[in-house]
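Each of the two complexes below includes subunit A, the first together with subunit B, the second together with subunit C.
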Partner chain A sequence: MKNTLRQVFHSSKFVAGFIIFVGILLLITFYPLFHPGNPLDMIGVGTFAEPGTYVSLYDSVGTDTETLKLPDAADKRLDAVLGKEDRIKMVAWLSAMEVDIEGLDYMDTEALMDLWRANYDDSARPNGMTKAERNYYKRLNESLSSMGAGGQMKVFENDAAGEEQQIATITPEDYVNVKNVANTKTLVLGTDNFGRDVLKEMVSATRTSIMIGLIAGVVATAIGLLLGLLSGYMGGFVDDAIMFITNLFTVVPSFILLILISYSIGQEQRGASVVALVIGLTSWTWTCRSVRSQVISLRNRDHVNLSKLSGHSLARILLTDILPYIASYVVMAFILQVSSGILSEAQLSLLGLGPKTTEVPTLGLMMNWAMLYSAHLNGSWWAYFPVILMITLISFSLNLMNTGLDQVFNPTLR
Partner chain B sequence: MKGYRKYFGKKIVWFLITLVVAVILNFLLPRLMPNDPVAAITGKMAQGVTDASASQRIYEKYQEEFGTNKPLVEQFFIFVKNLFHGDLGTSFSQYPRKVSEIIASSIAWTIALQFPAIIVGWLIGNILGALAAYIKKGFDKVLLPLSLFMSSIPAFGMAVILLVLFGVRLKIAPTAGGYNYDMIPNLSWPFVKSVIAHYQLPFWSIVLVSIGGQAVGMRSMSIYELNADYVKYARFLGIKDRTIVRYVFRNAMLPQITGLAMSIGTMVGGALVAERVFSYPGLGSTLFTAISGGDYPLISAATLIITLMVLTISFVLDIVYGFIDPRVKAAQFDS
Partner chain C sequence: MKTEEEMNVRGQEIISEAPAAGESATVSLDRRRDVSGNPMCISGKGVTKIFGSGKKENIAVNHVDFDFHEGELVSIVGESGSGKTTLSKMLLGLLPVTEGEIYFRGEKRDISTTRKKKEYWKNIQAIFQDPFSSFNVFNKIDTVLLDCINMTGGKNLPMEKKTEMMTEACSFVNLKFAELTNKYPFELSGGQMQRLMIARVFLLKPKILLADEPTSMIDACSRATILDMLLNLRDEIGMTVIFITHDIGLAYYISDTVYIMEHGRFVEHGSADEVILTPKAEYTKRLISDVPKIHEAWDLSTVE
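Right, the complex of A and B next:
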């Protein structure tokens, strides 16, 4: 046993898969400890807030300020405020005035502003420009010059009497330390369509999905192993009967069976564990087939015959004389079942047949929500890409472990 | 011919048995729902109807239409009888369209999308796997982890990634549907061009996903064969390497064909979900809208058709296998 384990951990593929999987397990164990709270809390009111650190505007007003004179502050401010449309209009004006704009990138604020400041003239009348358009450029130029320089801002608050009281004056050189602002929130993966913290939700979803995979894997492997052992060892009528059922459910696609059963259970009864159970109940057939063929090659070995002659019970022969020889095989089958269980849940959820939506998030449900709210079309990559990556990483790590084990136990494959 | 006849006879009997079981399951499972589906649909259809006797009449009308007021066994025979006439009932969510009409309009899309994609993926995967087993060294070191990674990406995940990359970011492919939404299906050149443009992304997403798994399987098979005694013996005899590779490839290919027959159900399942991502007008999208609309005649029909498709493919593969596997031929000479 010890020797086998050492051999297994010498396989680089197994170790790589193992490390990824343990990493995921550590994440789902420790992240909730440091960031407690319900993963389904809707902290955002809007949909799909971008990833990043959010600083409370309200709190930052009262916070002690430091004066910093940063040379490029004005340009950066302009850069952030100047919209794409205004930039395109500016380029249009410049080209209408036949200014050389070769090689100008309109997103390069500094170059654009240099050209603009050097060439803009409100008395100029570019060809084919209406008065309304000229007025637009006049306004644009005014706001451009005020934006860059930046005037003071005054903040008022309604006091108890309903009078407006000035509480602060903000200059462009006032800075607050983020540490001193009472409320900031870092959303590593932004929020989803319901305004939930995607990272927190995904950690919880990963945990549920792995649980679903494990339950489905245990159920499928247990049924497949039991039926495979009985069918392979006993032969005769038992074998025929079991193989009939197995062949039947191999040909009828298990995914369709899964859809039909999940649908007939109904939305209300469909918790995460029920879904896991159903997945397990529909996916045991290939485990049964492969266990059976392994057992058939074992059942006429001398030690099995000896056991039989000694009058040992069926259960004992199966458990002590046959099971140890196929244990490695069963472990590999189990790993594959876990991985396909997680995938099945995700696919079911995408068809709208996942676990009921109010209790727990799963990776499939998150994916389903992202698709329902068209996250993939409106550029909210954080709502679906981490989920796809997580599913891929989980099954990749399991597949790697499986291949590693396969190569240890079948040395020709190395 | 006796060996063949026995082999095919067995396969045909199996096909029929699984067909009957599939029909029974398809009939039975939706009817095992704990809450009465007809009541649920009446509730939806009779929204705002305050008169109790009116909604009772609606309920009875639906019971009549779906025959749920008759005993289960009788319902089953009516179901089978209608099935033979191609009558799959009336859709709820798209009332009063016939289910068979909806299925007929979507099945061609699914077949045209999935089978070429799965076959192409299977071929490319097998060639890559065989090459990895034969060349080994660097190629194998790169290909095996890469194939494992590719086969770990779920079909819908690959679909979303391709969609965002080529459809949304690079804008070189349309993002949804089977053809431009402002077109009416006909046989003109612009329509065909639009269909081909919409075909690309779903097609490649299915191909890319199926390559990985097939390559891994073929690699193992080819390595087993390359180490077999007959290969060593052939080398010993000085037979050309190219000839040996051909033998090895042929022998490793056989289990891959049965492998395809066994995994076609899973692959179709994954591809159905990918269809939803692209809103491709096939059975996958139909199934999705049917499920979200609680349309159980349509769900039942869609799953039945998919089952039929998978059963037929496995059956055809079994028959093909019978022709090309030398062992079936050997059985023929024995008898």
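Right, the complex of A and C next:
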């Protein structure tokens, strides 16, 4: 046993997979301790807030300011305001006015602004430009020039009497220390369509998905192992009967079966564990078949014959003379079942047949939400990409462990 | 082809050759016994085994009759595929008999239920060809031997008594029990494992021992030792030994009775002297002539 473990941990593939998987387990164990709270809390009102640190504008106004005169502040401000589209439009205007724009990099704010200031004329009428377009340029120019001028802002507050009272004047050189702002929030992966913290949701979803995988794996392996052992060892009628059932399950694609069962159970009854059970009940067939074939090759071995001659019971022969010989194989089958259980849950949930959406998030449900709210169309990568990455990492690490085990155990049946 | 006379001469030569060199020279002709007066231990009438059916039908054992006496050492000799192992599996009750009856101590053998099977198995044990696959590699040697004691009703004996029995069994086969405790069977050599197998039988004391080519995977030196122990064991327990082998020379030295098997049939049987010295069947003559001899070109002309 000790020797076997040492052998297993000498396999670099197994170790790599093991480290990734343990990393994921540590993440789902410790992240919720440091960031407690319901992962399904809708903290954002809008949809799909981008990842980043959010600083309360309201609190910033009251916070003590420092005056910093930074030389490139104005340019940065322009940079932030000037979108890519605006820049392309500006270049279009310049070229329509036959200005020499040879060698101009439109992302170079300073060069672009110099040319713009020198050449923009709101009375000019470039060829083929509609009035609406000319008005757009007028507005753009106004906002650009006000930015450059760097005017002050005044902040008013409604007092008790409903009168507007000026409470602060903000100049371009006023800065607040983020530390001193009462409310800031870092959303590492932004928010999803319901305004929920994607990272927190994903950690919780990973935990649920791994649990679903484990339950499905245990159920599938237990059924497959039991039927495989009986069918392989006993042969004859028992074998025929069990293989008939197994073939029935194999011929009907298990995913179709999974969809039908999930659908007939109904949304309200489908908790995470029910889904796990359904996945387990439909995916045991290949474990059964492969365990059976291994047992058939073992059942005529001399040590099994000797055990029979010694008058040992069926259960004892199966447990002591056959099961230990296929144990490594069963562990490998179990790992693959866990991995495919997680993937099955993701597929089911993506179709909207996963666990009910009000209790716990799962990786599949998160993908389903992202798809329903077109995250992939409006560029909100953070709503689905980390989830895909997590699913990939889990099944990658499990498969890597499996390959490692395969290398250690496969050469013979030991 | 050799002439019949030449073949008979070859039979005489085998006898004149010394037994295989080894630690023990006790494998000699004087250990044969005449057991024809003993009561019948196991016998068969028209025992047949057919694998498959229809076009794929394969008759492995074809209506064989045999009578093995108590305390007899019977060799069943035949080439690969002649049905020796199938017959042995049927005798052990591991394979169902297609046709015919096996009689155990004069009565029809009944192994129709699990309970009756277990009852029958108390009387018969086996030693198989490959010692490396005969042990469950997950059980320690202690477990293997303790199991035998528990099976023969020694479950409630004190541990000291059990250890004493195991030590006795091991010393019977020249093994030291103290050195074997907490070891696994696969840590031993092939010869040691086969001896441990014999120690196991020593503890179980069955009525019948079925030895299916027990020495064919063992080197020549250990072979004589193992055979010696097998003979000692027979003398000790007084059981019937059914020795299955393809080596007719070996069968001659140790057996009281020899059965020659070809294509699922017994072509000849009788006392070892009868069969080897005055073979009647063509097949027996061929088997005898195929035994290689040192210092002489090996005539393979009879090999098909």
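Here, the second predicted complex is superposed on the first by the 374 of 414 C-alpha atoms of A that agree within 3 Å, B and C clash if a C-alpha of one lies under 4 Å from a C-alpha of the other, contacts with A are read in each partner's own complex, and residues count from 1 in each chain.
Keep this in mind: contacts are C-beta pairs under 8 Å (C-beta built on N, C-alpha and C of every residue); 3 or more make two chains touch, one makes a residue touch a chain.
A quick note: this is a predicted structure, and the numbers were derived from the prediction, not measured.
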Subunit A as common anchor, with subunit B and subunit C clashing or fitting: fit
Which of subunit B and subunit C A:Ser95 touches, first, second, both or neither: neither
Greater residue coverage of subunit A in the superposed arrangement, subunit B or subunit C: B
Partner chain(s) touched by A:Asn177 [first = subunit B, second = subunit C, both, neither]: neither
Subunit B versus subunit C as contact partner of A:Gly379, first or second or both or neither: first
Spatial angle subunit C-subunit A-subunit B, Cα centroids [nearest 10 degrees]: 60
Which superposed partner A:Asp321 touches (first subunit B, second subunit C, both, neither): second
Touching partner for A:Val251 - first (subunit B), second (subunit C), both, neither: first
First, second, both or neither for A:Asn135, with subunit B first and subunit C second: neither
Partner chain in contact with A:Asp302 - subunit B first, subunit C second, else both or neither: second
Lowest C-alpha to C-alpha distance for subunit C against subunit B (Å): 5
Parts of subunit A lying in touch with subunit B, wherever the complex brings them together: 13, 247-248, 250-257, 259-261, 263-266, 269, 286, 339-340, 343, 346-347, 350-353, 367, 371, 376-377, 379, 381, 384-385, 388, 391-393, 395-396, 399-400, 403, 406, 412-413
List of subunit B residues in touch with subunit A within their complex: 14, 17-18, 21-22, 25-26, 29-35, 144-145, 148-149, 151-157, 160-161, 163-164, 168, 175, 216, 220, 223-224, 227, 262, 264-266, 268-270, 272-273, 276-277, 287-288, 291-292, 296, 299-300, 303, 306-307, 310-311, 314
For the subunit C and subunit A complex, residues of the former touching the latter: 92, 94, 118, 121-122, 124-126, 128-130, 133-139, 147-148, 151
Contacting residues of subunit A [partner subunit C, same complex]: 301-303, 305-311, 320-321, 324-325, 414
